[in-house]
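Look at the two complexes coming up: chain A is in both, with chain B in one and chain C in the other.
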Partner chain A sequence: MTGFPLYLATRLGQFALVVFIGINIAFIVTHATPINPVEQSIAAATQFGSTSPEAIALMRQSLKELYGLEGGIGAQYIAFWRRVAVGDFGPSLSAFPTPVSTLIGRALPWTVGLLVISILLTWTLGNLLGGLAGYFRDSRSLRLAGIIAMGFHPIPYYIVALILLIVFGYLWPVLPISGGYMMNMPRELSWAFLGSLATHSILPILSLVLVGLGGWFMGMRSLVSNVVTEDYVTYAELGGVARSRILASYVMRNALMPQVTGLAMSLGAIFNGAIITEQVFGYPGIGSLLVSAVHAGDYSLVLGITTVSILSVSVAVLLIDLLYPLLDPRVRAR
Partner chain B sequence: MRACRRLALLLLVSLCAVLPALAQGSISNLPRKETLIVENPEGTIKNAGWFNIWAINAGGQSTGLHQLAMDTFWYIDPQRGVDGVWDNSLASEKPIYNADFTEMTVKLRKGIFWSDGVEFTADDVVYTIQTHMKTNGLRWSAPVQVNVADISAADPSTVVFKLKKPNSRFHALFTVRWNAMWMMPKHVFEKAGDPLKFAFDPPVTLGAYTLNSYDPNGKWFIWQKREDWKRTTVARFGEPGPKYVAYIDAGPPDKRVIAQLNHELDIIHDTSPEGMFTIAKQAKTSHGWFKGFPYAHPDPTLPAIVFNAQSDLFKSRDIRWALALLIDIKAVSMASYRGAATISAIGVPPTGSAPEYYHVPLESWLQAFEIDTGKQKLKPYDPTVGKQIADMLRPSMGDQIPTAADDIAKSFGRGWWKPNPKAAQELLERAGFTKQGDRWLMPDGKPFAIKLMVEGEGRPVMTRAGSMIAQQWRQFGIDATTVVAQGSMADRRAAGDFEAMITWSVETWGGHPDLSFFLDSWHSQFVAQPGKPQPPRNWQRWSHPELDKIIEQIRGTAFDDPKGLELGREYVKLVVREMPTIPLMSYNVFTVMDETYWTGYPSAETAPYTDPVPNWGNTKYMMVRLKPRS
Partner chain C sequence: MWTVLRDLLRHNRQFAVGVVLLAVVIGFAALSLVSPYPPNDSFVVPPDVPPSLAYPMGTTSRGQDVFWLLTFSIRNTLLFGITVAVLSRLLALTIGLVAGYSGGLIDRALMSLNDTFIVIPLFPILVLFYFVMRDHMSWGLLALMMACLGWAYDARLIRSMAMSLRQREFTDTAIFSGMSMRQILIGEHLPYVLPIVFSTTMNNINWSIGLEVTLSVLGFTDINTPTIGVLIYWANQHTAMVAGIWWWILFPVLLVVITFVGLFLLAVSMNEHIDPRSRLGRIT
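Up next is the complex of A and B:
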C-alpha cells in the first residue's frame, strides 16, 4: 500500500490509538478521584435533615447496588467498554437513573451554538483585521484595532466577563446577564424566542470574541508580514495587479493555511465546553455539566463528557490530516 | 479604508441605539408584581424534569419542590413560627406514643387535597411507608426499614406505626427541619411502576402551589398558586401572597448582587459579607434578617474546629483546651464574616430558642467555670467578647451597631474563651510537650504540627476562619497549616481522613430545645473504627461514658419533657469540660430580601416568624405572610 491509501490507513490507525488511550486515561483519572459518588449522595441526602446512623450503613449498601459500584475496578472497566461500544454511557450517578447521554444531549446544543458562533466570529474578525493590518502597515485605524485586540488578549477571561457584566448588567443595564433565554418563554420557533436567544448570547459571545481576537490577529499579521516580502507579491505589485486582489488572492490565501488548522482544532475543542463563560453568564452547556459531575464524583457523566470530547478533538485532527493534502500541494507531494 | 471607518462608526452608533431596545424584563408572560423571584442555591439542576423527591438526589430539591409542593406531618420552625414553633401540618395533633415508645399514632388533618383533586388520606401514608419498606435506595428507605415493623390505617384519618424497637424520636423523620420524609400520592405512584425510575413530571402536590413551568436546562422553576389553596395545610394562616414563585440559578455572588440591585431577584439565598455590605449601602429596599449589621440569619448550625479524636494528636483534653485558649475569636470573626458573626462558646448554635434555653441560663455557670492547668486555676470565660466585637465595629459601622446588651448578644453572641497563651503553655507542658526555641515539640520529640482542613472556595467564610486560626496557632510556635479539601470534603470527613477541620457536627431544631437531632448520633455505639466510614454527625469520632448516659436518658424521655432540657444542659457542660470540638459561631447566612415588590419578609426585630433562608422547607410559611407592595 502506497500513496494516499497508506497515508489514510496510517492516520486512521493513529486516530484509533489516540481515542483508545485517551478514553483509558479518562477512566483511570475518574476512578482515581478521592470523591466517591455514594458518599456524595449520602452527604447530600443527610446534611440538613434528620439522620439515623443505623440507617446510613443500609443507605450506603443500597446506593452501591443501585449505582453498580459493587464489583471491582476490573469488572467496572469491562462493563464501561461494553457500554461505550454501543454508545451508551449508562446512568448518571448524580442524577440517577437518567442516562448520561440524555444529560449530554440536553447541554451540548447550547455549547455548540455558543462556541461555533464565537469561534467563527473571532477567527473571521481576527484574521481579517490581522491580514489587513499586516498588509496596510501604515493605517492608523488598523493600528488602533490591533492595540485594542492585543490589549484585551492578556486580560484574564474572568475579568473581561465580569467587566461586561457590570457595564451591561448594572451600569447600563441593557442586556440580560443570565441564562440562555428569558425565563418562562416557551421554547418554540418564534421571533420572540429567537430574539431572546440572541440577546442572551450577546454578552457570552462578546466576552469570548474580545479575549480570543488578539491571538488570531497577531498570528495573521505575522503570517501576512512574511508573505508580503515574498517575490511573487513584489512581482504582482510591479505588474500593476490591484492591491485588493493581491491581498485576497496572493497574500491572505497563502497565509491562511496554518489558521485553518487552528480553526479546526478550536472547533474540535468546543466539546470541552466553555466552563468559565457558562458559570459567569449562567449560560447552559456542557462545561457546567462537567464541573457539577466532577464535584459529585459522577464517574459515568465525567467519562461520557470526556469521551465525547476526546472523540471530537481526534476527529477534527483526523479531518485536517485528511484534508491537508487536498489543500496544500506540498503535503500531497510528500 | 475611509469607508471601513465610516461603517465601523455607523455600527457603533446603531448598537448604542439598538441595545436599550433589547433590554427586557427577566421573566416572560407573567406579571412581575405577582411573581416572587428566589435564588435556589442548588444552582443549575442537571436533571430538571425530575420531581420524584423520594429518589436520592435524582433531581433538585430546593427548586420550590420541597418548599411549595410537598407536605408532611409536622414542622418545627427554626425561629418562633407563625403560630408557635411546632406546627401540626398534615397531622392534626402531635405524635401519640405508647408508654415504651414502640408505637406511634398519627391523627391526620381532614379536608386536605392533592392538586389533582384527590383527597389526602391515611392510605397515602400507608402507601408511602410500605413503598419505602419494600424498595431499597429511596431517600428514606433506610430509616423506615430500620425503624418500622408495620403500619396500618385505623381509619381514613388515623395511622399507627409499630416500631421494631423503642424510639421516642421516631416522629423526627416526619418533622421538617429543612426537610423531612414527604408524603407520596398513592393514586399516582401505584400506577407508575418502579418508584426509583418514575420522574413524577408534572408533580401532583400537597402544598399550596403547583408547577407552572421549568427550564429543561435547569436554570429556573416557576410555581403557581393553586386555585384550591384553601384545601392545603397553610390555608390556616391565610392566603399565600405570591401568585407565582420562581426559583432560579442566580449565578455567582456578584451576579446575585447585581440582579437584586436591578430588582430582578427578590430573595438572595446567601452572598458574601462583602456583597451584603454593598447591597446595604446601595439598595434602600433590601434588608437582611437583621435590618442593620450583622444582617445575616444565624442558622441552627454550629461551625467548629472538629478534632479527630482517633488521632493521637488530640486524645488529651489538655491539648484541645490549650488550642482553644490560643484562639482570639474577635480576629476570627473579623477574618471570616468581617465581624458579622454570632459567636458561641458552647456546643449549641446561638440562634432560635437556644439562647433562651441554653446560653442565658448557663451564663453564670460559664463565668464560674474553672480549668486547672496544674500550675494555676483560671476562669477562661470572658462574658464581654460579644460586646468587644460590637465596640470594635462601631467606629466603622456607626449606628448600625446595637448598644443594648440584649441586642448585642442576639447579633454578635455573648462570651467566649479569653486568649491565654500562658495557660495554654502550662496545659501543653502537662501533656508532655516542650518548647524548643520558637517551636513546640511533641512528647516524642517531633514538631507539634497540625493540618487544619478547610473546604476552600465552596465555603470561603469558613476557609478564612481556618486560615486565621492556623495563623494564631503558628504565632504560638505550633506548625499549623490549612489543607484545602475542595470537593473531597464529604469523603475525607466521613473517612476520618483529617487531623482537625472546620465543619459542623452540631445542628439543632432551632426553635425547639431538644438536642437529639444531632446528639443521638454522638453515642459511642456509632463511632466507626479508624479507616471505616463514620455516619453523620459525630465527625470528631469522640465518645465519652457520661455522654452515652445522657443520650440514653434522652432516648427514654418524651420529646417535650422538661427533663430533656436538663439533659441538654448536662451535655453542654460536659463538652465545655472536655472540648471535643471548639465551637466558634453559628453559620450565618446572608439572605437578602428586596421589598420593591413584596413586603412581610421575616426579620429579627419585627417578624421573627420563620427562617428567611429560602432553601428551607419551612419557608412555606413565608408565603402566607408576603403581601404585594401596594
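Up next is the complex of A and C:
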C-alpha cells in the first residue's frame, strides 16, 4: 500500500485509536470513584423539589444499568461500549424522562455553529495577518497587530471571556451578554430573529477569536519568514514575478500545510475553549448543558456529553486529515 | 548558564520584562508567609470595604482582606502549575526520548498514543472526573490527573529532537562503548533537550493554571483551598460584579493575567534564544 490508500488507512487507524482511548478514559474515570455513584446521583438529582417514589425507583434502575454496576468488570466494560455504539445514554436525571440524546441533539448545533464560524475566522485571519507580517517584516501596523494578538494569546479563554463580559456588560453595555437569541422571540426565519442570533453570538465568537488569533499569527509568521529565504523565492523575485503572486502562491501556499495539521491537532483545545466561553455567555450549547448537568447531579447527561465530545472532536479531526491530501499533492503522489 | 541568563536579561527585552513580571508575582506569593490572617478565616475584617490605605485591595463580602487572600491564592495557583509541569515533564521526557531513540514500531506506537492525547478534549473529561469524585476531589488529585493528560505536545517535540540526536556520531560511540539505553538517554541526550524543555515548561504551567482557574471558577474543584479560580468563584457566588464589589474580581484577574504574560514572555524569549536562526535575525 502506498500513496493515498496508506495515508487513508493510517488516518482511519488513528481515528479509531482516539475514540478507543477516549472512551476508555471515560470508563476508567467513572469506575475509579470511591463513593456509591447511584445513591449520590439520586440524592443530588432529587435535592430540589419532590419526586415520586416510582420515578426514583425507575431512576435507580436506569442508573444501575447506566453505571453498569451489574455483573463483573468485564461485563460492565462491554455494556459501556454497547451504550456508546448505540448512542443511548438513557434518560436524563435532571430533565427526567427526556433522553440524554435529545438534550445533546438540541445543544450540539449551537456549539458546532459557534465553533465553525470562530475557527474559520481565527484561522483565516491569523494566517493571513501572520503571512503578511512574515513577508513584510518592516510594516509598523502589522507589528502592532502582532503584539496585540500575542498579548491575548497566553490568557485562558475564561479570563478573556470574563473581561469581555465586564467591558460589554457593565462598562459599555451595547451587546447582549447572555443567551443565544432574545428571550421570548419566536424561532422562525425572520430578519429580526437572525439579527438577534448574530448579535448574541458576537461576544462568544470575539472571545474565541481573540484567544486563538495569536497562535496562528505567530506560527504563520515564523513559517513564512523561513520560506522567504528559500532559493526559489529569491529566484522568483529576480525573475520579476509580481510580489502579490509570490506571496500567495509561492510562499503562503507552502507555509499553509503545517498550519492545517496544526488545526487538526489543536481542535480539542479549541473545543475546550468553546464550551467554557458558552458557559460564561450563557450560550445554549454543549458547554452550558455540561455545567448545568454537573450542578444538577445528572450523571447520564455528563457521561453522554463527554462521550459525544470525544466522538465529535475525533470526527472533525478525521475530516481535516482527509482534506489534507487535496491541499498537499505530495501525499497523493507518494 | 549564568552568563546566558545575564546576556538574556541585558539584550532580550521580552525576557527582561517576563522576569520582572514573574518576580512581582512570586514576591507577592511570598508575602503569604507573613499574612496576619489564615487563608480560610472569614469575617476578620469589615466586609465590602473598597480599596483604601488600610485595605489596599479592599475586602470581600465574606470579610476577608483581598490583598492577603490573594497572596495565598496566587501561591497555591503557582504551586499547582509547577506540580503539573514537573510531573508531566517526567512523562513527556521519558516517552519522547524513548520514542525518538528506539524508532520503528515502538516510536510509532508511542506517537499514535501521543497524537491521541493531543486530540482528546480534556475539559469534559476533567469535568466528568470531578463529577464522580465530588468531595474527594483534592488539589493533588487534580494535578495528577492533569499531568497524565497534558504531556503530549512536548513529548512530540522532544521525540523529534531525540531522533536527530540518535543520528549523531556520539550516540554511536556511546553504543559501541557499551552504554545501556538508559545511560545514553539520561547522560547523553537529556542535556541536549533540557533547554527546550525549560521553555515548554512555562507554556505548560500556563496551560495548567488556565484549566485550574476555569475549573475552580465553575466550582469543579476543591473550593476550600484558596486559588485564583476559587477566589473568583466565591466572588461570583456573592454576585460581586452586580453588587459593585469590582475589586474582588479585578485584582485576581489582573494578577493572573500578569502571571500568564510573564510566563509566556519567558517561554517565547527562551525559545528564540535556543533557535540560532531567530537569534541571528535579532542581531542583523
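Keep in mind that, in the parts below, the second predicted complex is superposed on the first by the 231 of 334 C-alpha atoms of A that agree within 3 Å, B and C clash if a C-alpha of one lies under 4 Å from a C-alpha of the other, contacts with A are read in each partner's own complex, and residues count from 1 in each chain.
Following the convention adopted for this analysis, contacts are C-beta pairs under 8 Å (C-beta built on N, C-alpha and C of every residue); 3 or more make two chains touch, one makes a residue touch a chain.
Note that this is a predicted model, so its numbers are computed, not measured.
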{"item": "Partner chain(s) touched by A:170 [first = chain B, second = chain C, both, neither]", "value": "both"}
{"item": "Partner chain(s) touched by A:107 [first = chain B, second = chain C, both, neither]", "value": "first"}
{"item": "First (chain B), second (chain C), both or neither touched by A:39", "value": "first"}
{"item": "Partner chain in contact with A:310 - chain B first, chain C second, else both or neither", "value": "second"}
{"item": "Partner chain in contact with A:262 - chain B first, chain C second, else both or neither", "value": "neither"}
{"item": "Partner chain(s) touched by A:154 [first = chain B, second = chain C, both, neither]", "value": "second"}
{"item": "Which superposed partner A:294 touches (first chain B, second chain C, both, neither)", "value": "both"}
{"item": "Partner chain(s) touched by A:219 [first = chain B, second = chain C, both, neither]", "value": "neither"}
{"item": "Chain B versus chain C as contact partner of A:21, first or second or both or neither", "value": "second"}
{"item": "Contact residues of chain A, present in both the chain B and the chain C interface", "value": "33-35, 40, 162, 166, 170, 279, 294-295"}
{"item": "Chain C partner contacts - residues on chain A that touch it in the complex", "value": "13-14, 17-18, 21-22, 25-26, 29-30, 32-35, 37, 40, 150-151, 153-159, 162-163, 166, 170, 222, 225-226, 264-265, 267-269, 271-272, 275-276, 279, 290-291, 294-295, 299, 302-303, 305-306, 309-310, 313-314, 317"}
{"item": "Residues of chain B that touch chain A when the two form their complex", "value": "1, 4-5, 8, 19-20, 22-30, 43-44, 46-47, 50, 55-59, 136-137, 139, 141-143, 145-147, 172-173, 175, 177-180, 196-197, 212-213, 215-220, 222, 246, 248-252, 254-255, 258-259, 261-262, 487-488, 490-492, 494, 507, 517, 520-521, 526, 533, 535-537"}
{"item": "Complex contacts: residues of chain C adjacent to chain A", "value": "112-113, 115-125, 127-134, 136, 206, 209-211, 213-214, 217-220, 232, 241, 249, 253, 256-257, 260-261, 263-264, 268, 277-278, 281"}
{"item": "Interface residues, chain A side, partner chain B - complex", "value": "33-36, 39-60, 62-63, 65-66, 92, 94-98, 103, 106-107, 110, 136, 139, 141-142, 162, 165-166, 168-170, 172-180, 182-185, 187, 192, 196, 199, 202, 279-282, 284, 288-289, 292-295, 297"}
